[in-house]
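Note that chain A is present in both complexes that follow, paired respectively with chain B and with chain C.
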Partner chain A sequence: MPKTAVVFSPDVIRGNVMSRKMQHEGMEVLLFDRACQAAEAVAANRPSIFIFDTCGCIPEELRLLSRFCASDMNASTRAVVLGEDANPGLTWMRDREGVTLLSAALDPELLFSTIQGLFSLAPPAAPVETDSLEHDLKDFLRLS
Partner chain B sequence: MKSSPKVVGVIGPKGGVGKSTISANLAVALTRAGARVVAMDLDLGSANLHVIFGIKSVPHTLDDFLLNRVPSLAEVVCETSVPGLSLIGGGNVPGIASLPYQRKVKLLRHLGRLDCDYLLLDLAAGVSYNVVDFALIANRSLFVTTPDIPSLMSLYSFIKTAVYRQLYLLFRQAGSDELLALLEKSKNFEENPDLKTMEDFYVQARLIDPRITRQAEKSLARLDPLILVNRVKAGADLNSGKVIKNLMGQFLNLHKGEILSIREDAAVTSAAARMKPVMLTDPSSAFAMDMIKIARFLGAGA
Partner chain C sequence: MAEDIKTDLFERTAPDDDARRTVDEQPSWGGNDAADRTVDEAVAASQKPLIGTQIDGADQAERPSGPVGLDVGTSHIVAAQNKLNHVHMVDQLNAFFTIPVSKFSRRILQNHDIMFFERGDLFYIVGYSADSFANMFNTSTHRPIQGGLLSPTEKEGLTVVQAVVNTLIQKPRRFGETICFGIPGEPVDAQGPGAVTYHEQVLKMFLRNMGYTPISINEGMATVLAELAGDDYTGIGISMGGGMCNVCLSYLSFPVITFSIQTAGDYIDRMAGLAVAEPTTKIKVIKEAELDLTRDPADSIHTALHIYYDEVIHHLLKNLQRVLTASDKLPKISKPIPMVLSGGTAMRGCHARVAKLLDRYRLPIEISEVRLAADPLYATAKGALIMAMTESG
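After this line comes the complex of A and B, so read on.
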């Protein structure tokens, strides 16, 4: 079953770049340019991941993010916040469990790589057993 | 402008699998396709590539260059009776076996200036970093194995060592102590079952530094070994190459690589007794045909 992500970005282009990358990797994505709508979607859909792009955010949106992550977000959702560590509006999230801060510089590959790290989305390699030789070799190499 | 030679490493992690015989004959096969070849004996401590060509002693060896006994690398290249094929004999100075990585790179830079199309490195058995580093530096690495389990185990261990060595060099260069520590931990997967496969390692490494981890994945994804299964007698023997490739995919996340087989052939023993390559004594033998097939695979005559 594909993983679902809710993406909030006040910048339509950045939001679309991120969404396309994740869709390309097989994820279902709901994109919003308003923080309150994104928060509602997270509460309603319980996605695997919530991406919050703080680049261009107004302080009110950052406060909403802080409140939401502190109380309303369900345990199965991981948040990835695109922002700078030095941003005083993001100090609340340091060491917060389930929240990962990434540099605000848009790098879709890095973003997806981080998501992979959180959920190990890569499909496990399908074992192809050829014959007893493989079993024996695995035993000898202690790979069984 | 002269282009650099293609560096091909011939590796046989388990001794006695026919690595030097294949190196010598493959070198001849490459010349038959019109290429100019330098075969270099890096089987340090038991150099014998020259013997396969019937050369009783070489005037200079690689040691002479490394110890500055000769002014240039060209001085240690000796001609063979095969047109287009030259040889660099291996030495026996113990220190060379522990050349640091950067000196190996420097040596290969010098070798890269040799005027030839292919530089064939006949590497020593075992899984020492001395051998692993040359395998990583080469443009193409040929892994020689026989179909038996001990040989396949050595081959898998070598490839695994090469993977860890590549990651170690990359993480060290990036100055990431955390990734180095995780790498060290993953070597003992029996005590750390959550790090049993390279994909497991990547998952945890991404949490430490996704950017460097991505670099590492890309770097390893480039490894494209050619597995040569030697002394193949029956169809079942062909399976051994596939088995190694399966294990590489499942546990090391290496999905590239090709398998070629080399048939068991009495002509090899007969040629060894005459101290000549099979390509010269019996060019129509099954073994010789297989050498030509490998030479073509490497792009000779294309």
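After this line comes the complex of A and C, so read on.
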């Protein structure tokens, strides 16, 4: 599970609702209503998730997001963009690795399950388990 | 700029202001021990039993040694403090009665330990004492707050509120102690935004002058904090008082949608009185002593009360539907959420009536149940205290 998230939303109520959900699920969240500060925080903190809400965004903010995802975003950070596919400002996103587009509707539960899904794609490293009792027994019987 | 899971567990006042606060702080990940402690103490206080006292004489007010919750309602003002084993509530009638100044009257008022102050050529008798005087003269008291807000027609309204608050609490023992007071949401039928601003700011000025650090909380949100801990503070809190019904939809303790309507208990009393040609004071006494909305009305007064209660509930639910369906901020919530009612008007079977009439309204979110607050008269003050405890430290 991701541990940290940076949330950007120009709408402070939407931003707070999303942040509350992430926090409720045990994540640590930084919330911003200014895109440049959010981008700086992502670059500086390398969070697991960068949530970018395009609802109410101005074109400059969409351009900043595009530039940031293309060059400055760390490879370990995944971006979830809330917006509509038809938005011309988001066409660059198609086929962009590490960026997921989600409907702009305020659905914090869907947002969280999407994030969970993104992280479940990466198979967890299998823990190395040694059954010491079995090992000792095999040693004792000289079977190993 | 950062949001801290512990220090910002509970939100206050208008969502925009609070949301702004959460994004304008310095970034920092995670919580801290002091903040965790204050939240834990606030949550623990919310589980304590409430013990209430009516103040009936002068000079009984305490000097609080911790955070205070204050409910400045149209008919009563309630102060809440966290004690070792309980939450202590003191309440006072938010009303006044005037008599002409004379040496003789002054001596009588002083000898009988009656709370009053002098302005011009009048003595202003405040609190429950005002009610006694009004009854003696066979007339009604005046109210400094009307429709949930400071009355523009009562010149000494703020002074009366100050006098009433002074009968409940004195200056704090520690300068700058946190006090959280309830404020109404913007009325849906107001001409424009800002109807609550004057009310909120003058109360803040007064409390700051008393030595407190004042913060405000929406009354509906205070109801959520007091009653919905078991639901992760997600649900609809409605405070139904004398002058207003205040509504707040909270999502994980964040007030997403708040509004108010300016029809509530006083409207029911006045209209029922007009309908059956009886004085409002008589209707109020009958309502408080006899009315049970879960039973068929017994006479014409009860019938009138049923009719106007239904009108207020329909008005409330219609506006709830209107506001929720029009809002683009409403989060999708898969589970049905509870609705909790508080305040004097929510009593007498009102919550059962709300539950019944709710079936006629299609809301964009499902309601799991409609319930009455454990202590309807104290829920707002309790929620304000929880907020004050969370913010202090």
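Heads up, the rule we're going with is that the second predicted complex is superposed on the first by the 117 of 144 C-alpha atoms of A that agree within 3 Å, B and C clash if a C-alpha of one lies under 4 Å from a C-alpha of the other, contacts with A are read in each partner's own complex, and residues count from 1 in each chain.
FYI, a residue touches a chain if its C-beta (ideal position, glycine included) is under 8 Å from a C-beta of that chain, and two chains touch if they have at least 3 such contacts.
Predicted, not measured: the structure shown is a model, and the values here were computed from it.
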Partner chain in contact with A:P88 - chain B first, chain C second, else both or neither: neither
Touched partner set for A:Q116, first chain B, second chain C, both or neither: first
Which of chain B and chain C A:P59 touches, first, second, both or neither: neither
Touched partner set for A:Q23, first chain B, second chain C, both or neither: second
Chain A residues contacted in one complex by chain B, in the other by chain C: 109-110
Sites on chain C touched by chain A in the complex: 1-3, 5, 11, 15-16, 18-20, 22-23, 27, 29-30, 232, 251-254, 256, 328-334
Residues of chain B defined as touching chain A within the complex: 149, 152-153, 156-157, 190, 196-197, 199, 202-207, 210-211, 213-214, 236, 239-240, 242-243, 246-247, 249-251, 253
Residue ranges of chain A touching chain C (in the complex, touch as defined): 4, 11-17, 19-21, 23-24, 28-33, 37, 41, 45, 55, 105-110
Touch list for chain A against partner chain B, complex: 109-110, 113-114, 116-118, 120, 122, 124-125, 127-131, 133-134, 136-138, 140-143
